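One structure is given below, encoded as structure tokens.
Chain nomenclature is as follows: A, B, C and D, assigned in order of appearance, with residue numbering initiated at 1 for each chain independently.
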Amino acid sequence: MSQHVYQTNQPREEKQNRARMLILCPDRAGIVATVSQFLYEQGANIVQSDQYTMDPEGGMFFMRIEFDLNNLESALPSLQEDFARVADRFSMKWSVYRAGRRKRIAVLVSKEDHCLLELLWQWQSGDLDAEISMVISNHEDMRQLVESYGIPYHYIPVTPDTKAEAERQQLELTEGKVDLVILARYMQIVTPKFIERFPNRIINIHHSFLPAFVGGKPYHQAYSRGVKLIGATAHYVTEELDAGPIIEQDVQRVSHRENVNELKRMGRHIERTVLARAVKWHVEDRIVVYQNKTVVFV
Amino acid sequence: MSQHVYQTNQPREEKQNRARMLILCPDRAGIVATVSQFLYEQGANIVQSDQYTMDPEGGMFFMRIEFDLNNLESALPSLQEDFARVADRFSMKWSVYRAGRRKRIAVLVSKEDHCLLELLWQWQSGDLDAEISMVISNHEDMRQLVESYGIPYHYIPVTPDTKAEAERQQLELTEGKVDLVILARYMQIVTPKFIERFPNRIINIHHSFLPAFVGGKPYHQAYSRGVKLIGATAHYVTEELDAGPIIEQDVQRVSHRENVNELKRMGRHIERTVLARAVKWHVEDRIVVYQNKTVVFV
Amino acid sequence: MSQHVYQTNQPREEKQNRARMLILCPDRAGIVATVSQFLYEQGANIVQSDQYTMDPEGGMFFMRIEFDLNNLESALPSLQEDFARVADRFSMKWSVYRAGRRKRIAVLVSKEDHCLLELLWQWQSGDLDAEISMVISNHEDMRQLVESYGIPYHYIPVTPDTKAEAERQQLELTEGKVDLVILARYMQIVTPKFIERFPNRIINIHHSFLPAFVGGKPYHQAYSRGVKLIGATAHYVTEELDAGPIIEQDVQRVSHRENVNELKRMGRHIERTVLARAVKWHVEDRIVVYQNKTVVFV
Amino acid sequence: MSQHVYQTNQPREEKQNRARMLILCPDRAGIVATVSQFLYEQGANIVQSDQYTMDPEGGMFFMRIEFDLNNLESALPSLQEDFARVADRFSMKWSVYRAGRRKRIAVLVSKEDHCLLELLWQWQSGDLDAEISMVISNHEDMRQLVESYGIPYHYIPVTPDTKAEAERQQLELTEGKVDLVILARYMQIVTPKFIERFPNRIINIHHSFLPAFVGGKPYHQAYSRGVKLIGATAHYVTEELDAGPIIEQDVQRVSHRENVNELKRMGRHIERTVLARAVKWHVEDRIVVYQNKTVVFV
């Protein structure tokens, strides 16, 4: 269906001179002054700036700056080289991202399609400023849907016997080719090796308000406990199950009237919403991870 | 301050003929027809009726009916006697409450006053249709506040040594004299013996979204886990800590910017709101407990 | 795409004996008893019952009952005939709907696709228990999308010159063939004649929190006024613009940071959610309209 | 009641060196760099900084900076003098506030006490970092309550005949003596002359989601229109009724079941919450007004 395939990975006109800088360092006087003075002298125009100090007495300092710079593509390398000296003085961890270079996403799914559909919808409407490079699934169910958007669909079955081979195929498809992996209700545990290759670059949607109801069948657990709100949590995947840095959460009111199936149905709406927000923030370089928590500049 | 003391335990004019019936039984055909026919024949006028069937195939059936009956006070005993025969046929557990008889409440507090203040405010404005009979505290801090409302204040210190004596005093003050006990941020564990005397009649406010962050210092736990919403839970107290039937929950959005103290500050607002809703529902006979869960007719 | 076309208009096994009754009449003693007794004697089993009395002193009484009845298809006519006599005694307006007969929907759209996509998604996942019989648009844009679901797509352009002809075509396509018309961001005014043919059966989604920002460009109006929440409203269409009975509303927090385009983007999410809820309630016969307001039994 | 009177207008130890700067000017390159460099050279340590550009192409630029400066009290005058030259170059409107100087508030009330109670509660708990200097009312009802907090209570009756005299008294009491006036459900129209003396320094709580239901009896209007959410709006008072810059709004879900009295009851909760948030933001110097809208840095 050709009408869907209107997005490409080319830097887009309007954002080709826009960059985003993320900084993390111990707090001390003069950081903001130094960084903004540096950018000003480089000819950059700051269009957005956010900062956060964990603790004014000796805490960590986080900063996100969006700036425009003429001829960004050619000017950025020397700016980065110069900034490295500034960063050293403040012991900064830092990155610069070009807004015009959309992140490449691999979406992993199983049989539930609502999270994938939401990502496709937001991508198609232009709300999700990224490239969905491929969909990988351990089932064939969504091939036709995905291919109708002109997106490659890779079927990689996972069984206890094929687990190692599946991991090998997943890595071969994604490594160096995608910037972000989304587990959009993917019902297989991803391997430590896979996680290691995408540190803080795998986003999972868990269908509960973590840390409540870790593990399997969270809606059954929620029903059984009789909670009055159900939730969903988007988080980066780490080796410990459902314990990675939380990016976003939301909840919805329920009552005794909803049985497990109705909780699942209502939950789908929260899951897709929460996941889409988290993905949007990630691809817009709004998230810094520190000590298993996220700082999200929105 | 005499202006506060305008509420009494007298049946009030407008509600003196209003009753509420709560029913719980195995579902089968004809329950609604039988009960409503029975009330009609007794001359009662149903003003509100709610029901819930857990599972149309052999589940439990719950019902709450509000009705008006002329000369309720004198007519109710024979209505109850007659209804017992109906109830037997359907193996019902049931209760009838007079709306004009306001429930007597004992509030237990420690040092945090926001939940108590909210109850006093709602009681004074007429939103909480109950009688606050006494406040019991293990500190003296709130005596002046409470007594200014004309409410007796009992100081019962609790130390490891005086625990048994404290329980004895608490029971002596409350047993047979109050219908509901509210732990409004009371920071002592109530004893199994005390719980046993008030089955499903002790409401606690826990300052987290249960079952997340059971136990002590939930805001510290929430901060440490990096959740994006904090919550509060009102529940009936059972012997297992923070595991009783949940009555009401709510949450509020937070971000990385809030430290533990700010979480506490924001949490106070949710705690008082959630507790006040739960108490309101209890005193209006809207809650049925079944298998450690609540059915709340609102 | 054949995988989408799995829903048909056949009464489905599990719901073929389920009916829903909606009643509206002046309140008086004995209604619930009479109706539930009547259904019991007919052999019906009440699985859900809700009621609402506008004012215990002489107000209107509203009731919704779901019941199961063996051989509903053949038994219903005589039940209705018998009930007519009961209804007369109480001056009831009433209707009975078979849950197994899914309502047929015509969706009218222009160029914005998010509301239509949501309806298609909920329909496909089984959450929207209805038949989408056709999509009518004054543009060709969504033909391919709609036809991929096996749904007929009718292009009816509307210009000042063709307005009468367009109305004629719309009526020809829909009259007697659909039970509900949904204006899913359809940017043309529907004619009084069209409205007259579908009384309280046309649902519009207005992209503001009505009655704020009636008329055109509500997001521009919202931006200009500097509101801190934006909203959407689903309502039945009446002759007066944006003034029909409100079915559902919701809002989302915004700040000074959002410009008009961002309000539109965020608003799309609320619009589709609110519209989908309203449509769901309509097709499940949960709505009674009275004096330009809705009673919604949920 | 002496336990309430623990707050004074003294600069407090921990905040005595903290200042807040608000800036408004046409956007252009170098503002952030210049301001942060300036503060750095003055020896100030920026602890929080927020900015907003209305439109990167020629829009307005807004900035809020919190900084610490040793010996603020004595050092501030020369800093301000020096900054005036910087500000001139960028055509800035700007202000600096000392965090240690708490704003003095006059609360105007009539007969509804919930908004006043909330302010007193937040003030007493330390959440509202301000001084409540006086309460003015056109009724005597709340004298005892207010005086129990050690706050002066001024009874100024307002009738058509005494309107001019009432205004004179209000101005005499407040002018030069308070920094902020709060209309906490004060049911009299304040005069243009009064408004003129407190430009963008009078906060009103309107009991609807503005611009819906401007004017009197908004809950009656909401009930009559059949909305599914009710709301409240805190705004600065301007000469045009209910049309001043909106600071904060919130809503709560209602249904057909709530009559006007119940809307009022539920609305009280939103009103006090929304008002308290708006007041908190004002006294923390988080609000900039521009073209009848607010920029709120939270």
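Definition applied: contacts are C-beta pairs under 8 Å (C-beta built on N, C-alpha and C of every residue); 3 or more make two chains touch, one makes a residue touch a chain.
Because the structure is predicted, anything quoted here is derived from the model rather than measured.
**Q** Relative to subunit C, which chain has the most distant C-alpha mean position?
**A** D
**Q** Applying the document's contact definition, name the chain pair with more C-beta pairs in contact, C-D or A-D.
**A** The greater number of contacts lies at C-D.
**Q** Mind checking the rotation angle between the two copies, subunit B and subunit C? C-alpha superposition, nearest 5 degrees is fine.
**A** 180
**Q** List the centre-to-centre spacing of subunit A and subunit D in whole Å, with centres computed as mean CA coordinates.
**A** Subunit A and subunit D have C-alpha centres separated by 38 Å.
**Q** Could you work out how far the Cα centre of subunit C sits from that of subunit D, in whole Å?
**A** Whole-Å distance between the two chain centres: 43.
**Q** For subunit D, write out the residues touching at least two other chains, lowest number first.
**A** Nothing qualifies.
**Q** For this assembly, give the contact graph shape among line, ring, star, complete and other.
**A** Topology of touching chains reads as complete, every chain touching all others.
**Q** Quick one: in the complex, what on subunit C touches subunit D?
**A** 52, 55, 209-213, 225-229, 231, 245-251, 255-257, 259, 292-296
**Q** Name, in rising order, each residue of subunit B that touches subunit C in their complex.
**A** Counting only subunit B, the residues touching subunit C are 29-30, 32-34, 36-37, 39-40, 45-51, 53, 56, 68.
**Q** Mind pulling up the subunit B residues that touch subunit D in the complex?
**A** Touching subunit D: residues 1, 3, 113-114, 117, 121, 125, 127, 144, 148, 265, 268-269, 273 of subunit B.
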